[in-house]
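Labels run A, B, C, D, E, F, G and H following the written order; every chain starts at residue 1.
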Amino acid sequence: MSQPQTLGSKDTVVQLFQHFAEELDDQNDRRERLIKSSRDVTNLSKKVIFLLHRIMTEETDEDDHTLALRAATSGRQKLKDIQKILGSMQVELRGNLFWQNQKNISPGLQEYIEALSFAHYLEHGTLISFQEVQETLSDNGAPFFPLPMSDYLLGLSDLTGELMRYAISAIPRKGGRMKADEVCSFVRRCKADFAGLTPFVKGLAKKQSVTNQSLQKIEDAAYAIAVRTSEFDLPPDILDDIVARCVSG
Amino acid sequence: MSQPQTLGSKDTVVQLFQHFAEELDDQNDRRERLIKSSRDVTNLSKKVIFLLHRIMTEETDEDDHTLALRAATSGRQKLKDIQKILGSMQVELRGNLFWQNQKNISPGLQEYIEALSFAHYLEHGTLISFQEVQETLSDNGAPFFPLPMSDYLLGLSDLTGELMRYAISAIPRKGGRMKADEVCSFVRRCKADFAGLTPFVKGLAKKQSVTNQSLQKIEDAAYAIAVRTSEFDLPPDILDDIVARCVSG
Amino acid sequence: MDQHDLDFINSQLEGDIDLREKIKEQVHEFDKKTRTVVGLLNKVHGTTSDKIPSLLDDVRPLLVDCRTITASLAQLVPQNQFWRWKDMWSNSIRAAVFGAALVEYLGTGTLITVVKVNEILGIHDEWKDRLALPAEDYLHGLITLVNELSRLAVNAVTLGNYEEPIRISIFVKDLFAGFSMLNLKNDTLRRRYDSLKYDLKKIEEVVYDVSLRKLVAPPGQRPQPTP
Amino acid sequence: MDQHDLDFINSQLEGDIDLREKIKEQVHEFDKKTRTVVGLLNKVHGTTSDKIPSLLDDVRPLLVDCRTITASLAQLVPQNQFWRWKDMWSNSIRAAVFGAALVEYLGTGTLITVVKVNEILGIHDEWKDRLALPAEDYLHGLITLVNELSRLAVNAVTLGNYEEPIRISIFVKDLFAGFSMLNLKNDTLRRRYDSLKYDLKKIEEVVYDVSLRKLVAPPGQRPQPTP
Amino acid sequence: MDQHDLDFINSQLEGDIDLREKIKEQVHEFDKKTRTVVGLLNKVHGTTSDKIPSLLDDVRPLLVDCRTITASLAQLVPQNQFWRWKDMWSNSIRAAVFGAALVEYLGTGTLITVVKVNEILGIHDEWKDRLALPAEDYLHGLITLVNELSRLAVNAVTLGNYEEPIRISIFVKDLFAGFSMLNLKNDTLRRRYDSLKYDLKKIEEVVYDVSLRKLVAPPGQRPQPTP
Amino acid sequence: MDQHDLDFINSQLEGDIDLREKIKEQVHEFDKKTRTVVGLLNKVHGTTSDKIPSLLDDVRPLLVDCRTITASLAQLVPQNQFWRWKDMWSNSIRAAVFGAALVEYLGTGTLITVVKVNEILGIHDEWKDRLALPAEDYLHGLITLVNELSRLAVNAVTLGNYEEPIRISIFVKDLFAGFSMLNLKNDTLRRRYDSLKYDLKKIEEVVYDVSLRKLVAPPGQRPQPTP
Amino acid sequence: MDQHDLDFINSQLEGDIDLREKIKEQVHEFDKKTRTVVGLLNKVHGTTSDKIPSLLDDVRPLLVDCRTITASLAQLVPQNQFWRWKDMWSNSIRAAVFGAALVEYLGTGTLITVVKVNEILGIHDEWKDRLALPAEDYLHGLITLVNELSRLAVNAVTLGNYEEPIRISIFVKDLFAGFSMLNLKNDTLRRRYDSLKYDLKKIEEVVYDVSLRKLVAPPGQRPQPTP
Amino acid sequence: MDQHDLDFINSQLEGDIDLREKIKEQVHEFDKKTRTVVGLLNKVHGTTSDKIPSLLDDVRPLLVDCRTITASLAQLVPQNQFWRWKDMWSNSIRAAVFGAALVEYLGTGTLITVVKVNEILGIHDEWKDRLALPAEDYLHGLITLVNELSRLAVNAVTLGNYEEPIRISIFVKDLFAGFSMLNLKNDTLRRRYDSLKYDLKKIEEVVYDVSLRKLVAPPGQRPQPTP
């Protein structure tokens, strides 16, 4: 009978924990929704990257710059769809919620930045800036959510792998031999720029070593071209023409 | 001019690969949808398991059997929702598609079987049979998809961990001391039954060692009870009564 | 990258590093304070119940002292970045919650509320986008409380206090009922929650021991726990 | 578990083990056959173009011979379980696709179709829930073909055949255009697709070498590739 | 390659593959048998001491049954090649040693000797270049025995048998002393030996529990461990 | 490479390999000696308190015997290279510290000092750039001592000695309070320190068991832990 | 533990440790010798063909010198225990096989036989239960030979020797065809065999380079690979 | 715990933590400097030979700048404790060695000596119990040099410098011969040394490419590698 009612009487405890239970369930459900959206973003971004490669290897009469612009335009179209998904996530990421869930959306965000920066490179030949990325993730100047510097840099770092693929497959194309040299210098600069940032961003050092490998692959390819060309005392574009005439008549 | 048109002329190749491209995209999209549904199944199943534990640790005047039936009934209600999701997946898993995607739905399926078998144990005190599980995954006798024997066994094997938790938290309860002995024998039988099956099912041996640990935890708990009781020359339920009277008056 | 961009990136990253260093310093202080609190409270296992109030009087000001830390942290953390940095001090804050909860239990026999913890540690509601006490950390603190209470049930009996285990048993059972309402992920909290069951079992064994040995008076004749 | 259930489970599991053993035997045979095919085809690197037809005549019956294996597999695999077991023979079937594709290229200069592969290996459409040639395996076979053709481009020149690299170049470029239409996951196929680019580059280098040395006649005067 | 060498190497390689398959089959059978033995012996944890003899009677013929396997293995392994193949069955033989040792302990309370294990499993001394019981495997079996006995000490008490832990404690201490005189390298055996300490501690705690509660005669009136 | 550099580097590398071999030999001896010490001390768990002094008399000379090893090591290690080689013998020296500390506790009931350990093991202060006892190794030895004392508390009760657990409890609580004042990094030492809590809890439970059953005088009439 | 068993086991364990040490010493010597052989042979990459014979004359006695090692090993290894210890020296013996095979190729242009390797290294047939050259190690040595020959093809051209790549190409193709007739399991040997394809490709590219530039006679006028 | 010991230990532990923080700061600075050096030197891959001297002029003062760091470290490290702390900066010092060695090679075509490295980095001989350059770190720096030179051989050719690969080839072969005379243990250094073979092979292939195409004088008319 004289049950010590004063101590945190069970009902009070239940009431208190009822509140926690709801909060934890909410958090988990939100986490699940964000993970799913992030997977969608990853998949669509990968498709954009394939699309860009596909256009850049088309056999066509367009000059290289026109082709690149066409690729960037097509890519931009698809990137809009991804931006829509990222925009729709903003309600789940307001205020404190963003940093609570950042790890769950990181993979998608990085893959998006990789795709976006690839399109940007094709169009402008430069690295997309932090502000430019943040602008694509905004609605009339209001950001969907803060862009973490680490995701920006890690996404960019993946770009060098795609550039390596781009350079290698450009080589057998007319003018591609010059393209390889261009990409080689660009990736060499990326490597240098990122080198100073590795101590600040977790995971960047590992990606930097992939960048290194990619760079060496491009260098080897550029070397192979130089060696072949060296035997003939003619400028590369004349050599290209001779080969083209020989092969396709 | 005299381009060798005969060789797999580029258009034919493009047509052929167009078909592959669609097929691969379809496969990937289906895979993504199934992974998402499987995650939902996993999460809901985990909630059912918590629900069952929650009801079984309620402080109540009901006898243990009534409580177990109430838990099983509540669980079954929630399990229906999961079955609905699994049912909705069947269109993606027709014919050949099931085994193409089995690995993607395995985690969800196993967690569902763990939850279902826990509810079943509470109600009947037995292991749910393969046929009984398959029946819950059927629409008027037509299975949603074939139930892999490996998922059935791996799901059941996880049950022993939950039974350990159940037994440990039953101990401080009235009559729970007997419950622990009961669960101990049951898990010991599970261990023996699964032992012969380990060479056939990948991953079962590892789970068996978790079962082993769970069993030892239950044995240690049963031992602690036996040792305490041994000092007093009265049957355990009388001892229980004395303690109860002493504590709560 | 053009130089302007590179400078921008560098300044951002260095700002973060700076901030991390500053938070680390505060956490270092926080740790020191909670270590002292925990050290003092460790004495309850050898202290008879009449000397407990004076022990609590020693601890309370140390807990209140943590307010300078929480204030500094709240000032350091940029708006909305609470979750970005919180892992740095979650061990300290959990220890503080434990300390406050044990003081409350020993003083009043009741479970400390989140509101009361926030008040003691001086965590203001309007800081919530920079510093707050998340459910997770509060719950971790409570689990540590139960771990310690199961030890206390044992040691109280050693010191001849046969009532304490009963009080602890009732308190912990209620708390456990609360915990079992939660759906947890497979994380540390889940694992620690599982371990609660063992504490509960241990406490029950002590209750069993003292009950069967009739070391406690029949309930009607027992003194009421202090409110 | 009751004995009846246990017996049921055991009989099911043993049935699977049995089936695995039987499939393994067939795969062993399949491997032997494709190893012989690949071994014979390896001779193309040292064979002048006039002797190629007779080499292909040796290989073709060996490929057709694989039909007994595919028939056995189709009979063994239970309905709808194609994807459950296919990993066991995918290496063999990829080697067979490669063999058939190289024979087709050398014989006709064209890309072998899926339909033709199925016909050669005797894979019937109505088996598709038990045995089929999935896109993935066909594509793997084609990548192996390109790997081998880049080697052939080099060796053909050594043997004095300066036309072959040109033919190979045109063929492989077309094939590459097909591959680049695919959206691949990060799996083996993706990695091997990336390696295609190096083969393409190698072939281009050979073409470059022979073109600039004017070792091939100007296109108008060149003999047409055999259809 | 020299044709004679080629033939010789190939026949060697294929002979090895064949032999491996044949040994694998025997090991599979061996595993089945030891799994049954271990499964049956697992029942001791729920069996009261009066029913143990009948349980042992069930197990003994199964152990003896392993002789057909050891004989087959001895026949399969080529002269001098014991050390080449032994890893394939060491898990099975360790399980068999464990089974024989547990039967011996439960039947006679003594430690099984190497000679007796060899006799039970039908391992003949004259096979030693093809099949033998190496010290290492014997020791592994004994460590498994101790693991199991620490569990048995616990479960015996649950079944009301308070003498068993005392017997186990004496037996294990003796065995442990033996082990500590061996010069073990830093390998698996060493690591498993180190883990014995936990088993020993657990057994000591059980003995403590029953002694404290005077459920057994006080130590002075109990048989002493051999010094 | 510059010949002078080459010779220098090679002589360095070979010197190191040589030295490592020589140190290894000494460590091997050291290990043997500490293994014997630990083996002998293991007997305390079965020894009644009246026979402890004679056991300690057996152990003490063995500890002193380690001086030949420490002297050899101090002679082998080149000037200033203590920190380069010390990991090779840290396990042995920790075992020796443990041995000395247990002898001291059993003999005098007090905690051994660093000075005393150095004296017993014959470690001279002037060797400090070649051989010394770092704080870390001393602390590791003490933690092992506590691990063993928790086992001893249990076994003493089994042997009917109900006072020992009380003594151990007071000693360990004191030691634990000392440890909790140290600023330990997150390393092995920290992890082992955390595990001390379990030993402490176990000892408290033993004290509880004997108190509850009134096998010892009630706390008021017992010697108090030093404040 | 049974004293007889204990003694037996301990003498076994200590005997093994001893033996391991002794074998290690011999292997150390073996390594030194093969390192010198490999070091000397490394000079072929910078040696013009006229100076090769004198280089081989330097190497041959060093190879023969290995006989003292093989004899010591054969004496150390107990009867029937070849397979127990062989892993300790397999790296050394593979290096020796490589050395002998490269000397044979450079001297006679032919592949060394197993019999000849055994003769050079002084491995007697009657030792086969203690020391032998298993097929596996012979094959590993040959794969290393191919790795080195692909490097030699490159360096020979640098030195202006355009015929050597052709000879190497014929030799390696032949060897490769031999390998592809062997039934290799999925082990290191298999993986290294797969890597041979890259060496072969590299050699073919060198032959291509010299053929394209007409630095050698056209294939029709060159010696043909043996059929 | 003895108060004196406690104070002593705590002051030791806290001193170490402090010192570690201070060293970390210096290492952080060291890293920054070497990263800049390596970053600048990375430009050699895109720099034509006429601009190399001016690049080296930029790098040299940065290397000399490291002297402030080495001096600070030498002051921080307590006497005799070089080996305790050296792992903290070994990566930085290896990078510095690499930088100095590459500058030396590019400037003079010779291998930098240990003495010269010590001079550039300002490491004084009398600091040797606090800061020195161990052989191991010097060697690691040289291996990194070779890794970079193999890349440089490739890129030099791309920039039209066909002589550089020849120079690199001679330099690396010489260095490699030096390495192969060292007695390396099975550690990281050994593994990195093994990888040098790949660099050597790559360089040889570059030399092959330029020789084959007669882009450089034939070997007879080139400076020969020292025998």
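Convention: a residue touches a chain if its C-beta (ideal position, glycine included) is under 8 Å from a C-beta of that chain, and two chains touch if they have at least 3 such contacts.
For clarity, every value in this text was computed on a predicted model and none was experimentally measured.
Peer 1: So which chains count as neighbours of both chain A and chain D?
Peer 2: Neighbours common to chain A and chain D are B.
Peer 1: Shared interface numbers for chain E and chain F above half of all numbers used, same, or below, different?
Peer 2: Both copies touch with mostly different residues.
Peer 1: Can you check how far apart chain D and chain E are, centre to centre, with Cα atoms defining each centre and the answer in Å?
Peer 2: Once rounded, the distance between the two centres reads 52 Å.
Peer 1: How many angstrom lie between the CA centroids of chain B and chain C, rounded to a whole number?
Peer 2: For chain B versus chain C, the centre distance works out to 34 Å.
Peer 1: Please report how many Å separate the Cα centroid of chain B from that of chain D, as a whole number.
Peer 2: Taking the mean C-alpha position of each chain, the two centres sit 43 Å apart.
Peer 1: Where the centres are mean C-alpha positions, what is the separation of chain B from chain H, in Å?
Peer 2: Distance between chain centres: 58 Å.
Peer 1: Multi-chain contacts in chain G: which residues touch at least two other chains?
Peer 2: In chain G, the residues touching two or more other chains are 181.
Peer 1: Can you list every residue of chain B that touches 2 or more other chains, as numbers and ranges?
Peer 2: Within chain B, the residues that touch at least two other chains are 1-3, 10, 28, 59, 196, 231, 248-249.
Peer 1: Got a list of which chains touch which?
Peer 2: A-B, A-C, A-D, A-H, B-C, B-D, B-E, C-F, D-G, E-F, E-G, F-H, G-H
Peer 1: Sort out for me which residues of chain A touch chain C in the complex.
Peer 2: Touching chain C from chain A are residues 1-4, 6-10, 12-14, 16-18, 20-21, 23-25, 28, 95-96, 98-100, 102, 126-127, 129-130, 146, 149, 153, 189-190, 193, 196-197, 200-201.
Peer 1: Sort out for me which residues of chain F touch chain H in the complex.
Peer 2: Listed in rising order, the residues are 1-2, 4-6, 8-10, 12-14, 17, 79-85, 111, 113-114, 128-129, 135, 138-139, 174-175, 178-179, 181-185.
Peer 1: Would you mind writing out the residues of chain B in touch with chain A in their complex?
Peer 2: Within the complex, chain B contacts chain A at residues 1-3, 10, 28, 32, 35-36, 39-40, 43, 59, 248-249.
Peer 1: Which of the residues in chain B end up touching chain E in this complex?
Peer 2: Touch list, chain B to chain E: 181, 185, 188, 191-192, 195-196, 199, 216, 219-220, 222-223, 225-227, 230-231.
Peer 1: Touching residues of chain C toward chain B in the complex: what are they?
Peer 2: Spelled out, the residues of chain C in touch with chain B are 166, 169-170, 173, 176-177, 180-184, 194, 197-198, 200-201, 203-205, 207-209, 211-212, 214, 216, 218-220.
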